[in-house]
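Note that chain A is present in both complexes that follow, paired respectively with chain B and with chain C.
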Partner chain A sequence: MRHLPVIAAAIFTVGAHAETPRDFLARFEKEAGTAASAERGARFFTTKQGGEWSCASCHTDKPTQAGRHAKTDKAITPLAPAANAERFTDAAKVDKWFRRNCNDTLNRVCSAQEKADVMAWLLSLK
Partner chain B sequence: MKPIIAAPLLALLAAFALPAHADRYNVPKNAAFEEECASCHLAYPPQMLHADSWRAMMGDLSHHFGSDASIDEKRRTAIADFLVANSGGRKTGNTRDAKGKPLLRITETARFEKKHREISAATWKRASIKSPANCTACHKQAAAGYYNEHSITIPK
Partner chain C sequence: MHSEPKPVRVWDMPTRLFHWSLVASFATAFITSESEKLRDIHVAAGYTLAGLIAFRLLWGFVGGGYSRFAEFLPTPQKLVDYLKSLINGNPQHYVGHNPAGAVAIFLLLGFGIVAAASGWATYEDIGGHFMEELHEAAANGMMAIVVIHIVGVIVSSWLHGENLVLAMITGWKKMRSPSHENPAG
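What follows is the complex of A and B.
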């Protein structure tokens, strides 16, 4: 029985392409060790954290809508899962963009808590 | 049997239906390039820079024109190989600066400057254009590789 979580984790890693947005919320909450807050996520997403951009600069402050890249002007499909079924279904993609976009907006990676908060807020949007 | 014949036939017909010079900057099909290099901007045609420019760019994706565009090592080398294999030839002209260093921007090459001589500095800065790198603002079909004069409209 003690090995069950290890096996489960291994299966999850292999099956990375079949994840759902809720799986990411659960994963980040587990890594953070505390519950997420959608309200904190909204504030984090829509305010600048010292850099030139906030997440909303490209994804808008209503991420059920399409956004535009702040520098290149390229259209970006909505980030909120309610408006875009393709979002948060592939762990490699999610991790890659959190890494890049957090570096670009905060000059550092996001903490598990910050990612959990963002997920909770995005999942609350209808 | 029917669909097996029909699909290549349709593809062939579609290829012939395009205007004669349209394939000039056709971006060769490559799944990794499309996924990784057309997410923040359009897929710039590999033919527009020489191999040494692409090698230099692919050597530092963490600091990519002020953005973090880093990818895993396997994809990085695969895309670098693709870009080098399809990089520009003689028509591309010089893509080095005065000191001989490879240029990273298509928009800084002599060929680009020559083709866009008539566009003023004020036009480049319009809110509807933002940057010379935003090819699609004026070349409506740039994402499909068409840059000829028939598909250009300069936004106000």
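What follows is the complex of A and C.
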């Protein structure tokens, strides 16, 4: 019975996805083993990395603004946490969309370093 | 004593066209599901799939013989009897859909409707993250049924000594033994 609060907390944590954008920055930095660079993140985000699209092709080079899908022209809500509190609060969602979008822009998965840099830049935007 | 195999007309042309078109549209949608670049193709494949299912629902009522839902509507009793006969090594033979296959068909149609509807909603920004999750769950449900269906086709073809894939292409089955159930029409 004394384990009950621990189990309850674990279930609650899994169910609630209570991450913050800073948690992701910390996680990716830890995985990369080095500090993130917002400047490097900005360059990575706004320039093509070998593919047909850059991140900015859909999210614009000012991700505090709404973006537009490069294929379907559908509106995309702002990516920067300062402009959109829903962004980077759910690990499953974050992992899913990094996987999909890195494949579309780089034809490969992103490294932890690249993700950390992008997070640092997005968090620096006001 | 073996009687001469007798060709039996099982699947009409609309049912066969539906089947292989559904295969093509679902495969296309599944393959393009991970990419935003292929989003147009994915959406087109999804709408095609929805249209095909709408046709099949109609054909299940107005189509002929073995295509009709009434012909292969599975009851719990029929399903249990059929599964028992599989375990006993003396499988009941159905000319049309067997009860296990029938369950799979209705599940596939159901998952297909949910996948198409939730996919449309997601594309139109209705329902948010929940719709996205529902869409993926329904599509994965379809894929699970497809895998079970393919295994069932292989096992059943082997058990009854008939080529079910060929039957879905040509519409004809060669019957070697009297069938378990043989509806008129």
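As a convention for this text, the second predicted complex is superposed on the first by the 110 of 126 C-alpha atoms of A that agree within 3 Å, B and C clash if a C-alpha of one lies under 4 Å from a C-alpha of the other, contacts with A are read in each partner's own complex, and residues count from 1 in each chain.
Note that in this section contacts are C-beta pairs under 8 Å (C-beta built on N, C-alpha and C of every residue); 3 or more make two chains touch, one makes a residue touch a chain.
Note that this is a predicted model, so its numbers are computed, not measured.
> Following superposition onto chain A, is the placement of chain B relative to chain C best described as a clash or a fit?
Taken together on chain A, chain C would clash with chain B, as the superposition shows.
> Once chain A of both complexes is superposed, is A:Asp104 in touch with chain B (first), chain C (second), both, or neither?
both
> See if chain A has more residues touched by chain B or by chain C, and give me that chain.
Tallying touched residues of chain A, the top partner is C.
> What is the contact status of A:Thr72 with respect to chain B (first) and chain C (second): first, second, both, or neither?
both
> Once chain A of both complexes is superposed, is A:Arg43 in touch with chain B (first), chain C (second), both, or neither?
Touch status of A:Arg43: no partner.
> Of the two partner chains, chain B (first) and chain C (second), which one does A:Trp53 touch, if any: first, second, both, or neither?
In the superposition, A:Trp53 touches chain C alone.
> Please pick the stretch of chain C from 5-13, 59-67, 95-103 or 113-121 that overlaps chain B when the two structures are superposed.
113-121
> Where on chain A do chain B and chain C both make contact?
69, 71-72, 74, 99-101, 103-104
> Which bits of chain A are touching chain B when the two form their complex?
Per the touch definition, chain A meets chain B at residues 69, 71-74, 96, 99-101, 103-104.
> Note which residues of chain A are touching chain C in the complex, please.
52-53, 58, 69-72, 74-75, 90, 93, 99-101, 103-104
> Note which residues of chain B are touching chain A in the complex, please.
40-42, 62, 65-71, 130-131, 133-134, 136-137
> If you look only at chain C, which of its residues touch chain A in the complex?
By the definition above, chain C touches chain A via 34-37, 39-40, 43, 123, 125, 129.
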